[in-house]
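Pasting the structures in now, so scroll down.
What follows is subunit A paired twice: with subunit B in the first complex and subunit C in the second.
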Partner chain A sequence: MDVIPAWFKDLYETTGLNFTVFYDPYDWNRYVDGVRMTVVLTVSTILASLLIGAVGALLQGAPSRIVRGAINGFVVLFRNTPPLVQIFFFYFGIGAILPAGQDQFGLRQPFIDNVDWAIIALSLFAGAFNVEIFRSGIEAVPKTTVEAAEALGYTRLKAYVYVILPLALRVCLPALNNNLVNLLKTTTLAYAIAVPETLYAVKQIWSESQNVFEMMLVLFVTYGILVGILVWIMHRWEKSLHIPGYGR
Partner chain B sequence: MSTKDTQMRADAPLPVLLPFRIEPTRLGTPRLAPVHALLFGAGLALFAGTAWAQADNAQLPPLEVIVKWAPLLLSGFAFNILISMIAMAIGTGAGLGVGLGMISENPLLARICWALTQFFRNAPWLVLLFFVMFLVPFQVTIFGVQIPLPDWVKATVGFSLPVMANVAEIVRGAVRSVPSTQWEAAESLAFTPRQTMWRIILPQCVKRMLPPWMNLYSLVTMATVQASIVGVSEMLTLTAQVHTAEGGRPELFAPLYGFALFCFFLYCYPIDRFTARLERRFHIR
Partner chain C sequence: MRRSMIALLLAGVLAPFAAQAADGVDAIKQRGTLIVGVKADYKPFGFRDPSGAVVGIEPDLAADVAKRLGVKLELVPVVSSNRIEFLQQGKVDMLIATMSDKPERRKVVQAIDPPYYSDFVNVLLPKKAGVKDWSELKGKPLCATSGAWYNKEIAQKYGVEIVAFDGSEKPLFALKQGNCVGYVYDQTFVQGKLLDAEWSGDYEMPLKGVLDAPWIMAVALGNDTLQKFLEDTTKDWMKTGFIVAEEKKYGIEPTDYSKGMHEKMKSATN
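Moving on, here comes the complex of A and B:
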């Protein structure tokens, strides 16, 4: 299995293209850790934002005006402010006020660290978009279907979980797909609060090895592959949930 | 519901879903009464008061810090808007070209434009920003004249790349949405392909492109804060500097970043609402 490192070493000696990640195990490990962190961020934020979207869309139809207003305010606020500032606001603004413990050297050790804050902030950001996407799907479910569910003795919550949401989900999958790909791209912003994700790892490598151009290529290809995988999964999902008779 | 919709639903084997579209949530404009002002004032006083109690007497309370530095912070915000407008102008121009290239008859040109669009659409904005910041030299020499490229110019170029790709998609989508009878009618009236595009198809596309284009503008404005990561002194950079200048007190973080959020919200929310209105008006069924 020394073929690949040897080839990249040879490439460096002959052409000067220095892909350190492919022959230096230290850089390789850093890079893989970065990609792993990006995947962790993406998967956890996708799950959390889907949950926020589903719950938010349910609460948007709540009887209480205050709850509805609060959800609308949340959506409008998070849609119209920069995600980077949101991350800073959460990490520095709220993180600095919250109580914190101490590690063995007496340094301040917050209970919610930068990775957690990145996940929280990004989930809220993507969740705000998901609320709207789910709502558009819910509006596509005919009133008669909801009434039929009620006639069968479903409670409001049960009708939502078992009847409305499954139908709504199928309608809004294309839009959801778009938003989740966007979310994957937004995880790079966690770089700003020093979460060691792909961009951060790659930046460390290129500032040590002075191979900006080569690492840029690696970075683009990495994100291309990650986006490709996500799109592939979403399309598989879309296909498996497809209702016969709608679309092609 | 129109008869056409009903017809369509009756034909479908499982008539369980209605046609749908995503409409941005709108917060109703609240009717302000004097009691709101009173509550707001009381809240501010309480907020400032607690911060005052936490801080030493020699230090300014958060609200006064913001008032004191507001001119500087707002000038940074104006810089953000400037960057977003220039990036949008460059990106729209280039995106129109790329978008028309994607639907051109020449397969090679169409392929190249398609690849360009996919590449810049699927790369994260921050990565593109780094790409431009590191790989474009800090000055270029054209015909012996040295033109310096300051950081903010490079950042603007960096933002216009994804804008280009997104505008290209918008243009392509809008042109595709024009009924093909329009093309045929133009052909029968002896318009050349170029004339058909510029005088018949594109004018119809403008109103379809406007809502997504404005949406994109709002996204660009919100993305410009990313320039602070690569060291352009826009609002977020200035906010961090102001925080340091005020002694780096931890309780100042939330009000200062909150102020930045507030500014962006005030700018982007009207655009969002206007976009929603246009979308409803131009909605094609």
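Moving on, here comes the complex of A and C:
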């Protein structure tokens, strides 16, 4: 089991390439924890943003003008501002004015920590895009199909959940795919509020060991693999949802 | 024919680098400007005055170097996590940016000896927390600045959880918000913060400083002339007591190191 650390130590001594993560257990643990945190952020923000997208797209067609306006306002606000600014705004801005509890010393103790804020901010950011992506799918569902569902006695909500959304999802999956890949990569911004995800861990390591180039390589390969896994899952999903003859 | 052209091309590409490394001081004099990387968020060593200009002990030191060279001074604000890259990429001629002396750093930049300063690591803590010893911080989140060399050592030695941000404003803000129990940073910086009424009311520095480390100026590897010039300048600062005077000017307690070096060099003849 010591072959790998020994090899990387030897590599450092002979070539100067210093991959500390592969021989220093402390750095390795930080890196693995970082990857784990990236996965947690990705999975939770994907699920939350899909929910926001689906609900938002439904409400975009709501009879109430106020609801429609609110959804459009949300989309414009979160799509037109940079995600890093949003993260800072939530963590440093809103976090500071929300009520907070007290710890054993009587010091301020926020209820929502940096990881929660990162998940909230990123979900809303990606959710705004998902609303529009789902809308594009809904608009592609033939009017006649919706009418047929109504004729069968479906309520508006039931028709949306059982007929429109499943068909719309098939159409918008490629676009959704892109957005979710983007979301995975955007989780790196959480480093700015000290969420210990992969970029944060790697940045700590390279500023201590001065091995920027080597850690950059590790970073690229890590995200290459993570995105590869996500794309593979999405393609499997696309395939399994495929209806022969539909959507051509 | 083709080979000689490639050689010529290569020579053309490489020449500027060779020239820069060979005569650093001359190049700066020719340019008429000395470009120095300093901190802009590190009171009193480098911070912005109300007009936005970068001032402090290190900008003063940089200005003195420029004066000795007879050139104008350009200050480039850097942070801990990018300063070495700035120097390596030639964006700055030299660094005076609260950089501690570490073997890994000496491998990638040319350190200037003797170190111009030396400082401990300490923690800015809320008075309410009532912490009296490092051991009480075990398992607690401590705000920190990413890129500080001691983050890892503090985490390993005292079992604290480091929550690191870029720069020093964000960790301070996070501390105020209660996202961590204290802010671990250079002792002089903590002292500098406690000069502000904003912090001196509710915060304190009750712990004993640890991990005493010298601070080095740095130039790019191979810049021998600038290295030599700065080494002489540093010795002269110690001899004249310039650094001790600067500490007093900005209201911090002169460190044992700067007092000691002044005493030692004062009587030196060179």
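General observations
One rule holds for everything that comes next: the second predicted complex is superposed on the first by the 244 of 248 C-alpha atoms of A that agree within 3 Å, B and C clash if a C-alpha of one lies under 4 Å from a C-alpha of the other, contacts with A are read in each partner's own complex, and residues count from 1 in each chain.
Just so we're on the same page, a residue touches a chain if its C-beta (ideal position, glycine included) is under 8 Å from a C-beta of that chain, and two chains touch if they have at least 3 such contacts.
Everything quoted here is computed from the prediction, not taken from an experiment.
Shared-chain residue A:Y26: touches subunit C; no touch with subunit B. After overlaying the two complexes on the shared chain, residue contacts for A:A192 are found with subunit B and with subunit C alike.
Once the two complexes are overlaid on the shared chain, A:A100 sits against subunit C while remaining clear of subunit B. Of the two partner chains placed by superposition, only subunit B is touched by A:Q86; subunit C is not. For subunit A, the partner with contacts to more residues, out of subunit B and subunit C, is B. In the superposed pair of complexes, A:D113 makes contact with subunit C only, with no contact to subunit B.
Of the two partner chains placed by the overlay, neither subunit B nor subunit C lies in contact with A:G153. Of the two partner chains placed by superposition, A:P63 touches none, neither subunit B nor subunit C. Applying the stated contact rule after C-alpha superposition, one finds that A:Q210 touches subunit C and leaves subunit B untouched. When both complexes are aligned on chain A by C-alpha atoms, subunit A residues 92, 96, 192, 203, 212 touch subunit B in the first and subunit C in the second. Within the complex formed with subunit A, the subunit B residues making contact are 12-14, 16-27, 119, 122-127, 130-131, 134-135, 218, 221-226, 228-229, 236, 250-251, 253-258, 260-261, 264-265, 268-269, 272. By the touch criterion given at the top, residues 26, 92, 95-96, 100, 103, 105-110, 113-114, 192-194, 200, 203-204, 207-210, 212 of subunit A touch subunit C in their complex. Put simply, subunit A touches subunit B in their complex at residues 69, 72-73, 75-77, 79-86, 88-89, 92-94, 96-97, 131-133, 135-137, 139-142, 145, 167, 170-172, 175, 181, 185-189, 191-192, 199, 203, 212-213, 216, 219-220, 223-224, 227, 243-246. Contact residues on subunit C toward subunit A in their complex (touch as defined above): 80-81, 84-85, 104-105, 107-108, 126, 128-130, 143, 146-149, 151-152, 156, 162-166, 170, 173-174, 176-179, 181.
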